[in-house]
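Quick one: the structure is below, and I'll ask about it shortly.
Going in written order, the chains are labelled A, B and C, and every chain counts its residues from 1.
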Amino acid sequence: MILFREYILPRLIQWLVVIFIGVTVTFLVPRLSPVNPVAQAVGRASAFQTLSPEATLALRESLMDLYGLNGTIWQQYINFWKRILSGDLGPSFTSFPMTVNAMIGNAIGWTIGLLGTTVIIAWILGVILGGLAGYFQDRWWSKLVENTLIAIYPIPYYIVAFVLLMILAFYFPIFPLVGGASGAPGFNWNYLSSLLKHSFLPALSIILGATAFRFIMSKALASTEVSSDYVQYAEMAALPRRKILFSYVIRNTMLPQVTDLGLSLGSIFEGALITEVVFGYPGIGNALYVAIISADYNMIMGVTLLSIVGIATASLLVDLTYPFFDPRVRYR
Amino acid sequence: MKTYSRISLFGLLLLVGILLVACGAGPAASPPAAGGAAPAPAAKQQEAAPAQAATNSQLPVDVPRNEVFVADQIFRYSVVDNFNFWINGPHTPHRHALMMETLWIRDQETGKRINDAAISGPKYNDDFTQMDVDLRDNIYWSDGVQFTADDMVYTVETIKGNPDLNAGGWSTQLNQFLDSVEKTGDFSVRFNLKDPNPRFHSLFEARWNGIYMMPKHIFEKVDDPATFTFNPPVTLGAYTVTQTDPNGFWELFTRRDDWDRTPAGIIVGQPGPKYVLTIFYGDSAKKAIAMSRGDLDVYFDVDFEAFQTTLDTTPTARSWYTKFPWAYPNEVSTRQLAFNIESDPIYAEKDVRWALALALDIVDLQTSYIGGVAKVTPLPIPPTASLTKIYLDPMEEWFQNLEIEIEPGVMYKPYDASVPDKIAAWAEGEGYTVPGAPREVFGTGWWKYAPDVAERLLVKHGFSRDNNGKWLKPDGTPWTMDLQSPPDENDAFRMANAATDMWSAFGIDVNLQGLERSVWSQNNYVGQFNVSTPWTSFALASGDAWPRVRALHPDFYVPNGEDYRSKGGGTLARINDPKLGEFIDQMQGLDPSSEENFAVTRKFLEYWVENMYDITAISFKKFVTWDERYWTGFPTSENPTYMPLYWFQGGKFAFESLKPVSQ
Amino acid sequence: MVVIRDLFRFSPSFRIGATILFFILVLVALSFFSPFAPDRRRAVPRNKEPSAEYIFGTTSTGQDVFWMLTFAVRNSLIIATVAVAIGRSIGVLLGMTSGYLGGLFDRVSSSIVDTFIVIPRLPLVILIASILRGHMTIIGLAVLLGLLDWARPSKRYRAQILSLREREFTHTGIFAGMNTFKIVTREHLPFLIPFLMADAVSGFLFAIGFEVTLSVLGLGDINSQTIGTQIYWGNYYQSLLTRRTWVLIAPVAASILVVIGFYLVSISLSTYLDPRTRLARMQIQG
């Protein structure tokens, strides 16, 4: 009971408040833009065909209504919350009549697939390599890995992605230039292998940087553990190296690493925007980018909402389950 | 140990860097040696053996390569699985070419009207209150039902009765003009108009598109035509859609077995490719790469550098002309430097606008900035073959005699008829052969490059120069100009760059803003700019101007600050000139294809030019490029049968003309 | 000075990092002697390969790549520095006051900070930058980036302060009667400074990365020279496709070198200054 009152309840309230404020900010900011979605839509409609003045006016009327841009900001805000709470993210402005729900539905699978696998792979690689490097600090291979990853880590992500694209899709055209997969979706080898082929470069670009980050973190943590008493004792007791490495060193670095993993998984919904734009990958990052450029408020709102909820919830879950992992917190 | 591995890492990076530089520093024309280990990108190997290339083709569908025509989809579809083209939203480019029919199609290359679902042109009664149309009696929907007048009447009445079916403003306009429609026979229809309107038929005559025919037998069973997704569509065109990518990157169309019972098949007389695949590869670079690999048979446009790459890597590819200037020059639109005359009083003065025009060197603009590949025109009328005959040629004498007043009593002739010849001389200096007379290839004359005269015009109105040679406005403040252009509209942005460089050299402080497309258009709408780079044409391919210039009528004028379309029409220039209104009123009642109409339009254009309301520089060009690896028969300058703009509704004839390359 | 000499002698990462930084600074200094103004186009013949006359070649807009690179590096560094200064100032102030004061202030400000952490930054920045596109200046970009990156750092500073407060030597100091100010400056600062430095450099790297990302998308100040805008213009004129890669390699290599240089220097400096390793070193030196 005390635990609930002192710890869980405030945390839950914080979760709600954070989402509420985040969503409000994302509601307001696009509306501060001078770009008027109705004007844009009318412009798009008259880009190819000549709309008569009467038709232009009629179009504007119907769009104002459709986009829910009638009324004051406050009224729009209220209507917006009503809609959101019933699960309807509204129609997309630029891709009418597609709904935001439908568009996110089409794209989310790709992002989750790409980021889900890369986050986990990078985490595992980083933890293991970092642990190894932290433990075997003086070996040549440890230093080589460390130096390579330290050199890669600071490079801006865009540059990494761009250089990969340049080398492996352009100069040596091994990988395709755009898209998520080829052919119609199905559980056949053709489709699945094309899936792998299309996602290899984006995944590689993410894994490089993410592994480097995890490695550095992991190595630092492992180094601290290595110099501690119980490890030295284990070594003197001639326990097998592998056991010391995995059961003692790496295991004790798990706490912050696992929470980081949780948070990383939560931010999957943010989408890998740059990755998807550079590699033409059809995930929600790409959809968000297009939405921003074309002033599609509903779409921006939908994806950002998903992202905010994802990150906040992951953070909440991590905080709530932390006591179960860390005995020290439990006994406080 | 530590030092060694760090140094070796650094050396490795350096090596990689040097390798890349070595790749890059090679001659631009040849493919990179790239260490020799991996196959050089496409270039030589692919074009030698098209049959082999079929096996490493990266197409997303499993059809024989020599039976499918791969076209550039231009953009990624965001609205998927919805073929209801009567509402605003679902994408129409090339889909309507392959599947939708209207009554007539106006071809932009020949300027002629082609009878699509109609068998002959519109027949008006004497006072233009009634229009009769005779339809083809030999065309069928893709499910075997014949197209009859019932479909026509159903289409018109359904659109008229449902304000949501307002793609192209059709519902609004039908309600505005049409009283009733009735069938006068199995294949003939009569339209009864509310008021005399000699242009009513333009609703059914495609420039971009015309009212699409709806299949009555499908739509009458549907509760709400506006929410019906019409998937898969029953088509009147020669193709049906058979596979779509849920992510919007590609779409596969299959030719109907009864292609000869569709208008395109009947008119062109041949089947066309068995499959058409539209696919979006990405930006210009990716399209050029795809074509070089044999994965793309036509792209709609790329930037100049990417096009050069195509020329270098894909010998079987060609655009409208096989050699310089390559690009298709006859798309009906032109590019302007447009003023917001209410943004600053100086722009409201016509002499200032003339001065700015005379401070531009059009030959330099067209050659260094545009590469010599677009036509020059001083009017918002592109110098296509048909429009030149109607407007530019008859007006040439007027241009040459045009005079403007520099100082009281001092007249000056600003027109330079030799501009095309100068460009031709430049082209020959670059080693190109000019494929025709300079006036055919490079457009018409333009204004002289006369900064000294421009200076005198400005001084006359109280402008002066400061100690650094920069211009000061009559009120003594420095002249700064906000010039806005979207970088992703290639030619517009390069034209803006040219204007920036030239006007800066002239002494104006030009602030070139490369804006996001949506922000740029927003600024245009509300008037937050001095000079912008829009594009338009004052005439349709048929030569009629009224539908395009109608918005300039002073009735639609909205003062600066509000969206200029608040009354439905208007122009970003904020022009409020009653004389323009007079011309427009005159045009309204005239038969659009009559010489009377054209004569009034010419007077309108003369007035427009005298006032220099905008500075039109070049017309549109597109590097519509076709690869002859698998398919041939498309329109070219040697074979200008139809326009090559395959994404317009009239592109159906280009598709239908394609034949496989015989091995 | 002794510090620098020691570092140079004993730490290979410092050696390499400092050497790289030296060259970068030479580049920046050279920018003041450039024969070409950074915004002047058509100053040299276009699209020329690297040669004796044009060390890194020329661009499609008629600018010398090498001299433009000097401006680009200078401007990118300025942007990153200003961004870090703004961001870390806010972060340090907020984090430290939060950590020291505790209580209600701490709880409220932590919630505010958590809210900002949750909002995805990249889309927000792209949104703002696309609205301001065409009006963005170098300093404007720097301010925008600075205002992005204060939330997470402030959390870290707060965490540091909290952990320092619980340490033994703090308690010792309090028992010994030192006032708060003395504790902060004498006991905590030596721990904080290396942390601050490492954190500032990571902020610096983040700012450079973001600047490159934004400018490459065309959302920075495309009329100025920065590393990102050089890449943007290189892409705009299809340098890859037309095999004129020298236009792109220069800024890409420069960006890699800048970040690696700063990073190496920072980790070697912070290892050196970290009181724990310093103690270990002192023990060894006897």
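The definition used in the following text is that a contact is a pair of C-beta atoms (placed from the backbone, for glycine too) under 8 Å apart; a residue touches a chain by one contact, two chains touch by 3 or more.
Predicted, not measured: the structure shown is a model, and the values here were computed from it.
Visitor: Once you count every C-beta pair in contact for both, which comes out on top, A-B or A-C?
Guide: Looking at contacts between chains, A-B has the larger number.
Visitor: Find the chain most remote from chain B, comparing centres computed as mean CA coordinates.
Guide: Farthest from chain B by mean C-alpha position: C.
Visitor: Would you mind pulling out the distance in Å between where the CA atoms of chain B average out and where those of chain C do?
Guide: Spacing between the chain centres: roughly 45 Å.
Visitor: How many angstrom between the C-alpha centroids of chain B and chain A?
Guide: Result: the chain centres lie 39 Å from each other.
Visitor: When the centre of a chain is set as the mean of its C-alpha atoms, what distance in Å lies between chain A and chain C?
Guide: So the centroids are 23 Å from each other.
Visitor: Among the residues of chain A, pick out those that touch two or more other chains and give their numbers.
Guide: 34-35, 151, 170, 293
Visitor: Could you check chain C for residues that touch two or more other chains and list them?
Guide: Within chain C, residues 130-131, 240, 256 contact more than one other chain.
Visitor: If I count partner chains per residue in chain B, which residues reach a count of at least 2?
Guide: Each of 2, 6, 13, 23, 32, 289, 516, 518-519 in chain B touches at least two other chains.
Visitor: Considering only the defined contacts, which chain B positions touch chain A in the complex?
Guide: The contact residues of chain B facing chain A are 1-2, 5-6, 9, 13, 23, 32, 34, 38-39, 41-42, 58-62, 76, 78-80, 82, 87-90, 163-164, 166, 168-173, 176, 207-209, 227, 243, 246-249, 280-282, 286, 289-290, 293, 516-519, 521-523, 525-526, 528, 547-548, 550-551, 556, 563, 565, 567-569.
Visitor: What does chain A use to touch chain C in their complex?
Guide: Per the stated touch rule, the residues are 14, 17-19, 21-22, 25-26, 29-30, 32-35, 150-151, 153-159, 162-163, 166, 170, 267, 270, 273-274, 277, 288-289, 292-293, 300, 303-304, 307-308, 311-312, 315.
Visitor: Where on chain C is chain B touching in the complex?
Guide: By the definition above, chain C touches chain B via 12-13, 16, 41-42, 47, 49-50, 57, 60, 130-131, 133-135, 218-219, 222-223, 236-238, 240-246, 248-249, 253, 256.
Visitor: Quick one: in the complex, what on chain A touches chain B?
Guide: Touching chain B: residues 34-36, 39-43, 45, 48-60, 62, 92, 94-98, 103, 106-107, 110, 138, 140, 143-144, 147-148, 151, 170-174, 176-185, 190, 194, 280, 282, 290, 293-295 of chain A.
Visitor: Spell out the part of chain C that touches chain A in their complex, as residue ranges.
Guide: 111, 114-115, 117-120, 122-124, 126-128, 130-131, 205, 208-210, 212-213, 216-217, 231, 240, 252, 255-256, 259-260, 262-264, 267
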